[in-house]
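Handing you this structure, nothing more for now.
Going in written order, the chains are labelled A, B, C, D, E and F, and every chain counts its residues from 1.
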Amino acid sequence: MEGRLVVAVSPHIRAEMDTRKVMMGVLISLVPGIVAGVWFFRWHALVLLASCLAGTLSAEASACILRKKPSTLGDLSAAVTGVLLAMVLPPTLPFWAAFLGGVVAVGVGKQVFGGLGQNIFNPALVGRAFLMAAFPVLMTTWVAPGPEAVTVATPLALMKFDHKATPLLDLLVGKVGGCMGETSALALLIGGLFLVLKGYADWRIPLSYLGTVAVLGAIPWAFRPDLYPSPMFHLLAGGLMLGAWFMATDPVTTPVTKVGRYMFGIGAGVLVVVIRLWGGLPEGVMYSILLMNAVTPLIDRYTVPVPFGGKR
Amino acid sequence: MSVSARMMLVLTVVGVFSGLSLVYMDKYAEPYIALHKKEAVREAIDKVLPGVDKVEEVHRDETVIYRALDSSGKLLGYAFLAEGPGYQGKIQLMVGVAPDLRRLTGMEVLESVETPGLGAKITESSFEEQFRGLEAVPAVGYVKAGRKPAPNEITAITGATISSASVVRIVNEGLNEVRRVVRAGPPDCETEATIKWKGGKK
Amino acid sequence: MERREEVSRRPWYQEYLKGLWEENPIFRMLLGMCPTLAVTTSALNGLSMGLATTFVLTSTSLVVSIIRKLVPGQVRIATFTVIIATFVTVADLFLKAKFPAISKALGPYVPLIVVNCFILGRQEVFASKNPTGRSILDALGVGSGFIFALTLLGSIRELLGSGEVFGHEVIPGWHPWVVMILPAGAFLTLGFLVAAMNAIERTK
Amino acid sequence: MRSFRGGVHPPYNKVTQDRPIERVRPPERVVVPLSQHTGAPCEPSVEKGQEVQRGQKLGEAKAFISAPVHTPISGVVKEIAPHPHPVLGEALAVVVEGGGEMEDWPRGEVDPDSLEPEEIRMRVREAGVVGLGGAAFPTAVKLSPPEDKPIDTVILNGCECEPYLTADHRTMLERAEDCILGLRLVMRAVGAERGMIGVEANKPDAMEALRHASDGEVEVVPLKVKYPQGAEKMLIKAVLDREVPTGGLPMDVGVVVQNVGTAVAVAEAVRDGKPLIERVVTVAGEVGRPGNYLVPIGTPFSYLLEVAGGLQEGASQVVMGGPMMGIAQRSLEVPVVKGTSGVLALRALPYEEGNCIRCARCVDHCPMELMPTLFVKFAKGERWDLLERAHIMDCIECGSCAYVCPARIPIVHYIKLGKLKVRSLK
Amino acid sequence: MNPILVSVLSMGLLALAFAAILAVVNRKLAVQEDPRVEAVLEALPGANCGACGSASCRDMAERIVKGDAEPGACPVGGTESARRIAEILGLGEVEVVEKVAVVHCGATSEQKVKVAEYRGVKTCSAANLLGGEYACRYGCLGYGDCVRACGFGAIYMADGRPKVDVERCTGCGKCVQACPRGIITLEPYDRKRGETIFVACNNPDRAPAVRRVCEVGCIGCRMCARTSDNGAFYMDGNLAKVDYGKVYESGNWDEVVEKCPRKIIRMERAA
Amino acid sequence: MELLLIFVAAVLTNNFVLHYFLGICPFLGVSSRMETAVGMGLAVIFVMTLTATVTWLIYHHILVRFGLPFLEYVTFILVIASLVQIVEMFLRRFSPELYRALGIYLPLITTNCSILGLALFMVLREYDFIEGLVFGIGAGIGFTLVLTIMAGIREELAFADLPRAFRGAPITLITAGILALAFMGFSGLIRV
């Protein structure tokens, strides 16, 4: 043998999964949702994807250059942010707004906090919340799936303002108005299950999140089914599927403790139902996740598990 | 002199001086402020009831109604302030209604804190104009953009349905109150003040 | 407890200049944040608020530096705030009487000049320890720094929020960013501004 | 199957499990460190130039927690000087030159039930037996539990959950009877009624051999194949469903755990009066002839690796122990010591530490149910006070967290550093 | 009623009332605070660096006033602050020896023999767990923990070993704590000459062992001890040491420095 | 119900810090550590509750009665300044740790504009005594809520590798900005 021996602290073997592979796994899990989005919204979806990716990747690259650090594009987290951002924007959003959203997502949502792993808030949702506040009209203009792109209202808005329910099958398939990647609950469910079963994300948050929404949504519905939507409608409509499987599971911005992850899911679920039923906005998934992101440090702090052999 | 005594003395003296100077300042400013207030009301009435020359303030219970008369003394209509919650916060309106109380003559948003660029569009004339000549029976209503409004309906602002609906609701509530007051009897007897338009319509 | 006279030993012009940068209340000391964030939706609002604040600051410094030796420590804050509040009321009434439009735009934040912490701060650290002339220079300097900061912040927010500065169109066809006029936009803009100032400070 | 929470499933790579134990011809020069165990180093009992016989004591254990060392070869003491040490970096060692073939130690007779516990302890101590499972804790001390901690069960640790290593596996297979005898002796010494052997389910042949040798008196418990099944707290949890309290020892729950190799050493010490002068070492990885070797203590790694066919192309790291907990060596001049269960030639991993993505894999897999995220965070931020409050001292350094970390954070490195600081600040 | 009178009266009375309450509360709840604490605090540097072992400068000031700490206990403030504090407390003159950090390993990364490739956390304290990459077990590991620890920017890395900027060094001792190999010490600094002198090696081994690991390490040849005119250099086993009681009185430093065959007796000068 | 609405509005939808920009200075200043944040929060809740009651009484029973509304600011601030000073003296006497931890921010509660803002809003919205009290408590709790959330975040950020220019105030402001974005989700929940 030539050269010097390598010294390092144990373990001297490592699991296969690294950050890049995790992110790749998320991207793969998103494929069904993206395919559905492109199928329904045609080139709008592609433009949106390209603009968001351009925004997030350029922000990530610039931040590395400004901070004189090696490029972190390779870890693919900025790509995940870009794709997820595109999926939560209205299909007809102008490309420049999508690009701006991408820049804000990674620039403001992630890099000013120090980059990967250090941000408090979900970057894609920071981007979206910013766009929502900056261009509320653009962000609440929806088109129906299909080539004509006629303006429609989202199922949740129909429910909230007109008390009109959308057939569940349409929600499942995704033939409704809404964000580019959120409409097809089925495609997202497939991707989400893949994500969880392959171990890229933890199952506790989606489970508790969706469960809470279903349970809480069922209570008013049980009393006034004419006025309130069914729990199934709650689960399938809006961004809940996308949010629960892909955004509430962002490891960086969610608790690391098991108890904490249940708390996160339950808290987010409560917020969604409250905002949907009584808030000014028809949808609350984004806000619910951002608000729970904000309390994640507190959750983590107060749910440190008792070590093995500690008093129980 | 003990510290306690000095504390009391200094603070009291400062307080007295403060009170003194503010009384004078208030004396100076008060008339102007009152004037601006009236001016604001006047201008608003002017907008919602074009051609007004003289206004009588009618008080009943808590409600204030402005009776607007033209230069010949003919009743042009009533104007009233109405307020209620919007999307972000309070919205205050001045509404003008024809003497028969069935048709609006105009609406002006005096105060609102709706989202700029969205709910704040209720203050734009394109929105306010919709109320001019609007049928008010049985009540004012709204439709979403893209649909055809009935004669008693306005078109809501896209992306600000809540604000639009709030305005409509506030108008209706105010209108009902005015109807109650006007129908309750000849209001003239309770006239408390009359605002005379100095130079007529500007 | 008597307050020690700690007369500043800077050259007199420094008394003014330091307020612009070194002791800029917004960028360096992060005081008086509330009006800064709340009213800077446009450059004009920022400027007006800055002027009103500077008026109050200077008048208060004047009075406080004159009576500084008479005020016992325990009622110092109470006394100073009463003086500040008096001038604020004066400014408020004056604006309401003469410039109702500006008064309305600044809304409930004019009375809050009373509690603008840096006004009291200046009294505590400067006017209560220094002679009148210096105190006024100091107040004017800090006030100018405040005006500068507020106008800058207001300009940026107005520019991005509507494409205009002082009501003049700067970027034609700009799609307004509503967020800039909202609280969030205020926080974000100021955050980036202070970061930029930090970066500048470091390269010096 | 019985197990514990957390843990990982590294690829086991136990290619040497079918290689019978092979006796290594002693080298001409052995380096016997005076400290090969947890506790105080022993003091040299020979002088430079002195002639010594195989099995003769080289160092005397003066402290209670200590163990004597013996020479595995006959020859002359060449030197007593600091020498590279596989665990300590450098330590005082006795160098003996001599050599020749090593014969089987003459076999004695013993009836475990007739011996006094004190006698067992004395013979074990004199033989310098220490735990062969890793920590090298002097066995005689373990066999002397305090009065107020009655021991009801002795568990033999036959898990060998570390990848690559098969020394214990082969020992159980080839020396099943000695294992059982050792277990009996330990039970007798601590006064326990129950004897159990925990074996990972992937060694059915070993379990069979043990069951056969024990005539069913001892319970052989198959355990889930999961690292670190062999860590004693996890083993006790899996076998008896008892939880050793934090900061506590197995005896706090009435248990003594011994490695199977230790049991054999105890048997040999008590029955044959044989000191611990050789042990089974798995040599694996990038070497020519991977296998299980019976190696004299003090044999330099370079010699052993030569015996095992030499390092192969690509090997850039030599590890003493298993890949999960083993110690990477700076020099091949270090000797095999009593705690050397394996010598592995590995392809070193690159150093590619990234940012923690808070994925919580480490938290989920930590068998001690700790929060390694906090250890990394606080160690990086140098908040040693917080580290202690995060229970860093409960960490067993099993490496499960670092193994699964997708950000490739050397978590155990931070933990070791943190523990050092916490200890030094006390 | 006359509004002017009402206004003045109510303000006056309110002010009087609150002043009275304040006065009463002030009396009842008065807390005696030693004014000297403030004064001492002023005399301290206010860096809140913790070098003295107190939580903050205020904490330190309180301890000094209470007599729990010496006036010169702040290593950062140095003589100047100690003198002022002594004055405030009326203690008269105090003697404070000014110290700066010196690094007892002067080998560059090329001069040290490398034996291993280190793959781990890039800090000295982490590397020290594994021995780092160099053969010398006593020398500098080269990852700059000391540099990061210094709050005054007084240590920098040059050619893989730390150097001290004696102008900036306040003698706070943070680097001493930071170095896992204990090769930094605080030693007296000769203000008149603006120099420190020290042996830049920490290896107590005998010459052959030292030669195996380092090109410049001290080989215990006794040359310095023999050359020095006043015994300011002495041998501690195989390693040369400086007697700081004598060294600044010595007349022939330069010669000693010159004569060391390994050039391991070093000086740091103020620029 | 009315009271509940006032309370929830003060805590969430119209949060003093994130919606009205009141009390930003202490929000930025004392949010770096959890303990001080909680201490400050409690102090603010306490002072706000006191202020709400005392200013209500003074406004309605002195200023309104004698027709002196222009003395509003002066009297309110006098009340607040004195109250704070009394609280300060209490703390100093009975809890020196808290006193030391809150440091310069205690006197600055006087100039915490949220307190005066509270008094002014109370008058502006014509709350009756009980409403004013609930409003005061709610506003205090809302302030404490965001203060502790912020403290949690900042304690986390203390370990983050922030770009240098963003350390300290800038990142706090940006975090507050994102928090404000998130709190917009509550808007429309309660209409005041």
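In the analysis below, a residue touches a chain if its C-beta (ideal position, glycine included) is under 8 Å from a C-beta of that chain, and two chains touch if they have at least 3 such contacts.
Remember, it's a predicted structure, so these values are computed and weren't measured experimentally.
Between the contact lists of subunit B and subunit D, the overlap consists of A, E, F. A count of contacting C-beta pairs for D-E and for C-E identifies D-E as the more extensively joined pair. For subunit B, the chain with the farthest CA centroid is D. A straight line joining the Cα centres of subunit A and subunit E is 51 Å long.
The distance from the centre of subunit E to the centre of subunit F, with each centre set as the mean of the Cα atoms, comes to 43 Å. If each chain is reduced to the centroid of its CA atoms, subunit B and subunit F end up 32 Å from each other. Between the Cα centres of subunit C and subunit D there is a gap of 70 Å.
Residues of subunit A in contact with at least two other chains: 3, 5-9, 108, 112, 115, 118, 130, 133, 136, 280. Shown for subunit F are the residues in touch with two or more other chains, namely 70-71, 74, 78, 82, 85, 161, 163, 166, 170-171, 174, 177-178, 181, 184, 187-188, 191.
Counting partner chains per residue, subunit C shows two or more touched chains at residues 74-75, 78, 82, 85-86, 89, 93, 178-179, 182, 184-185, 188, 195. Taken as a graph of touching chains, this assembly fits none of the simple shapes: it is neither a line, a ring, a star nor a complete graph. Across the assembly, chains come into contact as A-B, A-C, A-D, A-E, A-F, B-C, B-E, B-F, C-E, C-F, D-E, D-F, E-F. Within the complex, the subunit B residues that touch subunit A are 87, 115, 117-118, 144, 146, 158-159, 161-162. Every residue of subunit F that touches subunit C in the complex is listed here, in rising order: 18-25, 27-29, 70-74, 76-78, 80-82, 84-85, 107-108, 110-113, 115-117, 120-121, 124, 163-174, 176-178, 180-181, 184. Across the interface of their complex, subunit A is touched by residues 114-120, 129-131, 133 of subunit E.
If you check the complex, the residues on subunit F that touch subunit E are 58, 62-63, 66-68, 71, 74-75, 78-79, 82, 85-86, 89-90, 92-93. Within the complex formed with subunit C, the subunit A residues making contact are 97, 108, 112, 130, 133-136.
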